[in-house]
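My questions all concern the structure below.
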């Protein structure tokens, strides 16, 4: 059963990736502007003579895809089959996958941390808001949740940035870690990593916290209204155990959302990365676009899309595993 | 006049985990309902009553078999051409709460089909309002009170009446009432049943009544026919009173025995039949579908599938290899 | 609470106790951990002056491009006719792995430079200023000869700008027969063509080559990096190691100017190259203890270029009218208060070298001082009409002035917005049009999809480079095989669409031809040409010069001293060069 | 925990119990001043239409009325526990489950969907500090077995793997497994079909007798009560309008509501024309009359006094009815009560035809 | 029952009156909703009439660049010395108009596709939902970034069109599942059984039932659109417009150094606060949606 489901998902996912890759390929190739002209201008501005700049730029042509659009497409797709995403133009001679993965690390870690942090806090506060839903505190929690949920990430990022760099400059607003620390598992380096990631993580956590509190609140309210909770109470089940009943049932649907939002995280942090100059995928994508690095753009799209698709699959399968109703099939009817 | 021959329906789960699982909801059901007639389908939960009702009302398609409405077989017709026939068969939902649109007033709810009707029959607009009031009065409601209200402002019984009035807007030949009273308060149930009966008598609408409570089936009309369905198969068919007083199929007997006895007013039937097991739809046996649960089964029952037919000496048709009349029905004290 | 001083305490690696010098690589916006340690790679992690060494460092003299500080070469002799240059390497210079830097290394690096087509080492026959021969005289001496068929005054500069890398690390990139191939490529015919192709094909390989570890002849080697910072440590084998002040150099990455501002405010940077800074930020930067500013010449100006193929900008009076109408002082104050000085006039040259090149003549040029009356006069001459306070074109349609700028350049946007505000106040319906990014902007103006757009001009110090921006490819002139050609407006990248000849002092001149001549002319001839071109630009106004950039560098003297003075000729070299020359000292 | 249940069925005395719900229109009573005695060792059935306050009453027995409701007055004395209304916190929790078993109205959904029945059983045991959890499981299997199910399999199942009837039985098992002797079943058979209903009712009866319980069965179906209950209480509009031994009440209903209800039940035998619906519709929280008799709007025997005065308690041996008319009839010296037939005559005299009668529903 | 009897025929106007009275009641029930409504209406007013209160072009004072807040300039001035508040107000029209266009397109398209798919089911459903999935899988913001280089969104309508075209996926998915569940509800089935036209069923039966949902999505789409366009302007990939909120953010941060020096902070704060306030208003109003459209909750 599980294997069949998985196979179906994978097949559909592959088709999806194929289509999305194709669409993004043509969209990306239709971006006007010549990467070489831009680089030429830069070199000239840096004082290189026009002729030398011209020749230097020509070298880069070697890294740009050649042939007609259709040929490029065929090349690109056949490259994909070999898991080859092509060469970066931005960093000539380096494969797109290398660039992607080194950037992805810096998106995944903070966003993952932010999401999990906000998930934990949001879930707890959501339970609280649900229990206190008729009181003032519940109202405040819910409205602040909606507000945080509604406010775009960049507003939060800018606000936090303004507070922590202009008003009380205590946190670094760009970079990943102090280079003076030897990377590795040592307190200094890890402390530095945390220090540098604080603002992005905090922003991401704040931005997603609202969603969790809302989702958890409504989920808990639903479960609290379910008969089996009252039934458990009427059987004299201990409060702690009843609370676990509520929590487990309420959190179950949230795991799906969690999986999905983890899928979205690859593409989700452009603003935050731009504002805090955190060198993740978002910043890389902007760089790729600005430099017309088609292969890099395509790779980023593919990675983001694949992450979403995988997250969807995982969410579904995860649900199959943890929810006994789906596991044995009734819930799917 | 609507007849069905050998209607079958199998549900196949598509997609999801259950993909491939089959439920044989109907296994070759025959029926015939006269114009102005009444028929009741009874049976346990999940035995296919609703499915049959929906097929008859044209809301569901069947797999094989033939439905004939007023002599016209439906299967050769394109879905579009079937509609006018099925329009004349209206389904009354079990749940009057969901059967009415909560965002529309009763006036709006009745108006829409009436306007259509007026257009079809070339009647003037003014007829619509008149007709709405007329129909509400017919189902025993005060139009002035009901019309401007939203469904949530009405009681369950009133809602069910509105549902019936709405079904009447298209002048149907037949009403299919699927558990139409099971969600209505006890004290009001009889009112709805009486209304259905009244409509039969006054408008000549035939009524197909679906229930798992045999007692209510009587109230649609004493000339009604009763179909006892078990796992998609009709196991006993005949006149209501005949079957109640002299059921021969052990399943029918189980159903009748299950009706609570009003101790003090009634005394229980002497030969009450209790099935030996609970219903298990997934079970596939070669023989009689009821055999596993039947207290009277023989070896023959496990291999031979009985078909519906007239047994010797019984006025009703039945599908039992060992038909035997048992007195299972409670009798009022003092009448014997 | 910033991280600036923490690492020393908590101990990084490398020789601590020595100074840690913190700076930004202005030539390379964006460090990239994936980049190879390869000076030719645009994202390579070879940092000029630190672990990427050139033969020598240009002084960026205002008029003479051929003045240098020593780099790999300790000294050099330039033939009086510029036909050759002989390099003498430092006798005791070694690579960071202990091997000596030899003339063979230089020759090998020049071979690599050929694949990259650098100015002096172009393989295409007939390229101006290309080397014809590279000769290893002895272990520490190399002689490079220019192909005098098509000489260039910047030949020497082209040679000196070459990067030198260790042959023993890079040897795998080239085959032994490279020089034979090069010889073949110099010729004509199919064989030469094939050889050229083969060499060009090598370019990718060279660009992508990633040495496993940094072997440098510079003062530092790359120790490690992360996406935001790079750490370099002192190369003990560097010839001038004794005088290298800092033990470590930390390079900070930046993607936006605001990052540099924050670093500066926090006092984290010992040196930062030029960045546009808003006035208030400047105030905060200055208030940080130890922070200081060195200002010097930056051979760039910002011009507002017209598309002369479009009406009414084809009319010189319209352009002049606009020049009179635009308040350059105000615009500079709004857009680039720290990084620019309002252009005093429009010559196509930055004000400072203009004074050197033109001398007293500069004063004779029209300064286009703010003068609404003159502007009106000029507009009327062009047949424009003022109708109810609004200017209309001669045919009566309203004049809609749109100025294009790329969206990411916020100082340009502010400037453009200020221009439109001024023009609107003067009755011209004016609007800023932005383009999503710079490549798109370049593409769009190249396609002539603009009326007026911002354009960098006066890129010195070589005079050809200066005027190439006004009378080069973008205005229709290109040099092919030593021949000058002019393309019609709107064709072959001619988006300025100026006239092929301009009347200056009663004589018709072809500014494109004059500009091309600057490449090989020298001395007085150059001066004369520049005088003509300046006049042409001043009269004909293909652009209105808005402001001249100032090379505003930031230094912090808390930890180090010995930075260049204002107007120093080293200011355009990165601080790595200052360090290796032994200027920067620990406090 | 002893496996053989001792016979110690408690008596329950509900007196003056009122429950109010807070609504937009203020606090409205769902139950007002109910007196009800549960005789130890009997099954008491409570019937009443939707909204008559049955579930509220049932929950009150466990002091478990859910907000926005609260018990506003009265007491529920249970032998061995005292006044449940006064119990709080842990005491109350321990009383629930161990002393009072509750079988939920929608037993279908009374199990945690994520846990197997067995695990929930263990939760129950732990909550009540049962030392011998194995014993508990044995007891549960035993109970399930007696209800006709494979105990081991059921304990291993999730809720969704059980049919409606099975879930209901599991609910009963969980209510009884801790040896509670007061069991409250709220609509134990609603939404089940006839055959399953009959099975459940039989099980209720059997278990009741075997374990010596005091049982309260709540239902809207008079038939169900008639089938299982020894005693019967009829609720209407938040009041018990009539109560007494089942046989007695059914054979000689005194309150006009009980009579009407009896008549409205479709029967398998007998003249179908004799049966008819009650006019009007059952009251809801907002429409329950505050003064006078709650049933008067639908009552065929309405008198002026019904508008203003609370109906008096009229008792006949072990039965009582709350009705002015019954009292009046008693005063008039009529024998005991008006018999059903007589009421029919009254109705008939008013000339109610089917249609008109139902039209009265909206009044 | 003594409720007033309303004449059956002439009930339409009365119904509408009742509706508004109900809305009023719903708003009155919680003061926060009132506040939300006032905020939302305030923004609508600002967008519609705000620009009329200011001269065009806005006056500038080049002697006061990045002036701190004062009575004359509550939010200070911008890089050119223009009053930030006036920029904010005059800029609201474009922002809100785009948002409105986006919201309308998003909701109309999403609802139409969702309804069609859910109502038709079968092959159409499969195809449409696959497309929707695909749409939802393609990352929106990166795509917008790329699109902004291809297409210049000069007018509010173009911008709205693009955002709308990119945004309908979620609504379609949700409307479809709502449709599927409503479809199984008795009243839809009954309407089909009565032979009522599909238009009637969708327009009169389905849509009103989904009204709160759709209205909510509409409001959310409004905020979403504001965020998306302001964000794009902030990143600087869209055409320049001095009084656009996003451009204000961009210039404040990347030009004015709002993240480095407090001088440009008011210039940054003004659009931020506007966005926060708009969000707050919409959040508070959304809270009332369910009750407004549900006759039962409305009248309670």
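All chains are identified by letter, namely A, B, C, D and E, in their written order; residue positions are counted from 1 within each chain.
Keep in mind that, in the parts below, contacts are C-beta pairs under 8 Å (C-beta built on N, C-alpha and C of every residue); 3 or more make two chains touch, one makes a residue touch a chain.
Worth saying up front: this structure is predicted, and the values here are computed from it rather than measured.
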Chains contacting each of chain D and chain E, listed by label: A, B
Chain at maximum distance from chain B, centres defined as averaged CA atoms: C
Higher-contact pair (C-beta pairs counted), A-C versus A-D: A-C
Computed distance of Cα centres, chain C from chain B, in Å: 90
Gap in Å, rounded to a whole number, between the CA centres of chain E and chain B: 49
Chain C and chain D: spacing of chain centres that average the CA atoms, whole Å: 92
For chain D, residues that touch 2 or more chains besides their own: 362
Where chain C touches two or more other chains at once, by residue number: 256, 262, 265, 408, 437, 440
Set of chain E residues in contact with two or more other chains: 1, 149, 253, 259-261
Residue ranges of chain B touching chain D (in the complex, touch as defined): 44-45, 140-142, 145-146, 155-158, 161, 185-195, 198, 212-216, 218-219, 222, 244-245, 254-265, 274-275, 278-279, 329-333, 335
Chain A residues within the chain C interface of the complex: 32-35, 37-39, 41, 44-47, 49-52, 55-56, 58-60, 62-63, 88, 90-94, 98-99, 102-103, 106, 165, 169-170, 172-183, 188, 192, 195-196, 274, 277, 279, 283, 287, 289-292
Chain E residues within the chain C interface of the complex: 57, 60, 62, 65-66, 79-80, 148-149, 236-240, 242, 250-251, 253-257, 259-261, 263-264
Residue numbers on chain A that touch chain E, as the complex places them: 16, 19-20, 23-24, 27-28, 30-33, 139, 143, 146-147, 150-152, 154-155, 158-159, 161-162, 165-167, 173, 264, 266-267, 270-271, 274-275, 285-286, 289, 297, 300-301, 304-305, 308-309
Residues of chain D that touch chain B when the two form their complex: 49-50, 148, 163-166, 192-199, 201-202, 220-224, 226-227, 246-251, 260-262, 264-270, 272, 275-278, 281-282, 354-359, 361-362
